[in-house]
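To keep things clear, I will list the structure first and then write my remarks on it.
Per-chain numbering from 1; labels A, B, C and D assigned in written order.
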Amino acid sequence: MADPIPEAAIRAIVEAGRRMAERNWVPATAGNISVRLPGGRIAITRSGFHKAHLDSGAVMAVGLDGRPENPALRPSAETGLHCGAYRAFPEVGAVVHGHSIANTVLSRRAGESIGLAGYELLKAFPGLPTHDAAIELPVLDNDQDIARLQAAVEARWARMAAPILPGYLIRGHGVYVWGPDMDAALARLEGLEFMLACEMANLSINPLPGGSAP
Amino acid sequence: MADPIPEAAIRAIVEAGRRMAERNWVPATAGNISVRLPGGRIAITRSGFHKAHLDSGAVMAVGLDGRPENPALRPSAETGLHCGAYRAFPEVGAVVHGHSIANTVLSRRAGESIGLAGYELLKAFPGLPTHDAAIELPVLDNDQDIARLQAAVEARWARMAAPILPGYLIRGHGVYVWGPDMDAALARLEGLEFMLACEMANLSINPLPGGSAP
Amino acid sequence: MADPIPEAAIRAIVEAGRRMAERNWVPATAGNISVRLPGGRIAITRSGFHKAHLDSGAVMAVGLDGRPENPALRPSAETGLHCGAYRAFPEVGAVVHGHSIANTVLSRRAGESIGLAGYELLKAFPGLPTHDAAIELPVLDNDQDIARLQAAVEARWARMAAPILPGYLIRGHGVYVWGPDMDAALARLEGLEFMLACEMANLSINPLPGGSAP
Amino acid sequence: MADPIPEAAIRAIVEAGRRMAERNWVPATAGNISVRLPGGRIAITRSGFHKAHLDSGAVMAVGLDGRPENPALRPSAETGLHCGAYRAFPEVGAVVHGHSIANTVLSRRAGESIGLAGYELLKAFPGLPTHDAAIELPVLDNDQDIARLQAAVEARWARMAAPILPGYLIRGHGVYVWGPDMDAALARLEGLEFMLACEMANLSINPLPGGSAP
């Protein structure tokens, strides 16, 4: 019999779901949320639950390979992307995935990345002590084959300069963001979504190509 | 004397109203909400109540033909559209109707349908296991003669390939969505409204005709 | 000593303030709200209170001429506009005034009225049993001289065909809406703001002049 | 040992954080909030806390020079800007700093100020008894060197005609607003953000240069 999931991990996931739902980032049963547990385990949302009203019954444990501890439960379809972040970055303690209007619309129109520059909120990311910085947020093509999608993510990481930006977009699908703990992951998510919403707003008032320059 | 309406049906309708009001989908006394009951009965919101603060007194029972069990109560004006969905699709357990800014504005500008393609959230609809799909959401002209409007809906269904998409728009008026139960109907509603809001946002940053292509 | 204000009137005003604040229609200390009392009295919000957190101390009584029953209290600066509606229309029981982004921006760009046509929500107004209707919402120039502004409102009413539309805009300032009771006034306000928000959204995706036609 | 921070100051800061978070003006751990205390002290939010859920542990005391009373605690990075306002304007009792989409996007596109004219809400600022007025909201370039940024603010004040407008923008970063107490500071913040949101909305429906004229 598997160990129970620590109460603090469940609370962190439930509260993250509530906060993401308040912002309309987890419509229908979209989105998924996870926390790293001791011993190579991950607590993650089960498939098919609305994130506004999670409880302990909506959270399950998987291994770093994504395999459910209880084979009767089905984890989020994209569990493999969560596990990929935990495997690649030992310091990561929480991963969140949401769908916002801004990340959906911009990722559908973007090439292979979205540039963000000159925002004070860039400081929400590690290694950026000043607003006078620029990041290229990776945008990957959507794929229902999650193993193949995770391989594409890893191939992209291999091409990126260190430190790897703790997040990426999937085209027409949403954002993945991670951090050392849930508070940090959510702060980075809020910072990123804020900058994407600013980009959207800026484009909406500027019909010129390349209109997002400061 | 008619049977009482089961408490669970009333709770589902009250809670759906609250959630739809939070999203500004039921302004003024707009919108209506129903649940199928055993024995060919339907529980539906009465006419003229604000959906943010429903209670058992705001819910009444009608037959599949829309006739009130208690003739002293007036059901939502569009009860005939709810009944039409229940009659046509035996698996349907709940129907919701809301007015959003996106569904109102887009339906006023659309022809006889709105195409949605390439969204991960298309998976919220049955028969679409992948984002790599496209749907044509029917748009019907508004009509105060509900029997005539329902006939137009049925004529449209007759022209559509199976499986029939579980929703449609009425021009300048709103959306109808249904599902096997209220949770499913609301999840489809949230998924659909999210994609319509994305279409609106996409058009707002693209002055070119046909700008919504990914 | 003046009669106390009935508890129900205070509750209606407090709750209206809370609902309007939730929608961002009463920023800073903007907006004002009133209810007709028996005996030619009006209960109205005092000047300078935030509408999100009203209580009985934020509500005072004035006569139909706007004169405070307690001369130590200062009513909303625009009390004269409330009184004007109560004097002109004996069936009016409640008046609300709010500032929305849509009503502010559209009124600044409008001529002397804003046309609304083809919306199901037009049925929220009296005398419009169908969506297949059109209204011309009056837009008046802003004026800090409230008596002069009320005279301009009355001159406009004199030029309008019956039934007089239960609302108007003041340019760059906000909307006034009234109804037989507070629920009706708020339902009309919600319906009107929804249609104005639709007009805004429609214009934002259509750079052509006259783009709001269905 | 330093004196404790009065409970009323903590309550004012906690509540301001909650209200600003509700409006999405303090994403991630952005924003900071302060209150003047008797004796040349200032209560201000500590660095790194989310403003939606502040408590007394998230508030600390500094001197008018920004020096922490308890050197083990780190105040908000921009404490120097708060202190600058308190030193320059003895009547100021509270200072708030937030990031909104409107203030971020508009400040990135603006020159050295943003003009606002013809809004009823201009009356939220002191010395503007009428809507028939215009203000120039200063926009300063962002700078991680807060002492240098505060010097730039003071140089700008020196060029402005009295009365100095109680607020300014930092490009790509956010707004600073102050008032005699927290209620007044928040009312001015709400009024200013409302007008900036109106400017954004107006620009989004008007592709012409100079489109914000009434």
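To be clear about the criterion, contacts are C-beta pairs under 8 Å (C-beta built on N, C-alpha and C of every residue); 3 or more make two chains touch, one makes a residue touch a chain.
Listed by chain with UniProt protein names: A, B, C, D = Methylthioribulose-1-phosphate dehydratase.
Everything quoted here is computed from the prediction, not taken from an experiment.
**Q** Over half shared or under half: which fits the residue numbers at the contact of copies chain B and chain C, same or different?
**A** Under half shared, hence different.
**Q** Averaged over CA atoms, how far is the centre of chain A from the centre of chain D? Could you give it in whole Å?
**A** 31
**Q** Whole-Å distance, chain A centre to chain C centre, using C-alpha means?
**A** Inter-chain centre distance comes to 44 Å.
**Q** Where does chain D touch two or more other chains at once, residue-wise?
**A** In chain D, 204, 207 touch at least two other chains.
**Q** Line, ring, star, complete or other: which describes how these chains touch one another?
**A** Graph shape here is a ring: one loop, exactly two partners per chain.
**Q** Kindly provide every pair of chains that touch.
**A** So, checking each combination of chains, I get A-B, A-D, B-C, C-D as the touching pairs.
**Q** Sort out for me which residues of chain C touch chain D in the complex.
**A** Touching chain D from chain C are residues 24, 27-30, 50, 99, 101-102, 104-105, 108-109, 142, 144, 170-174, 200, 203-204, 207.
**Q** Can you check the complex and tell me which residues of chain D touch chain C?
**A** 23, 118-121, 124, 129-132, 183, 187-188, 190-191, 193-194, 197-198, 201-202, 204-207, 214
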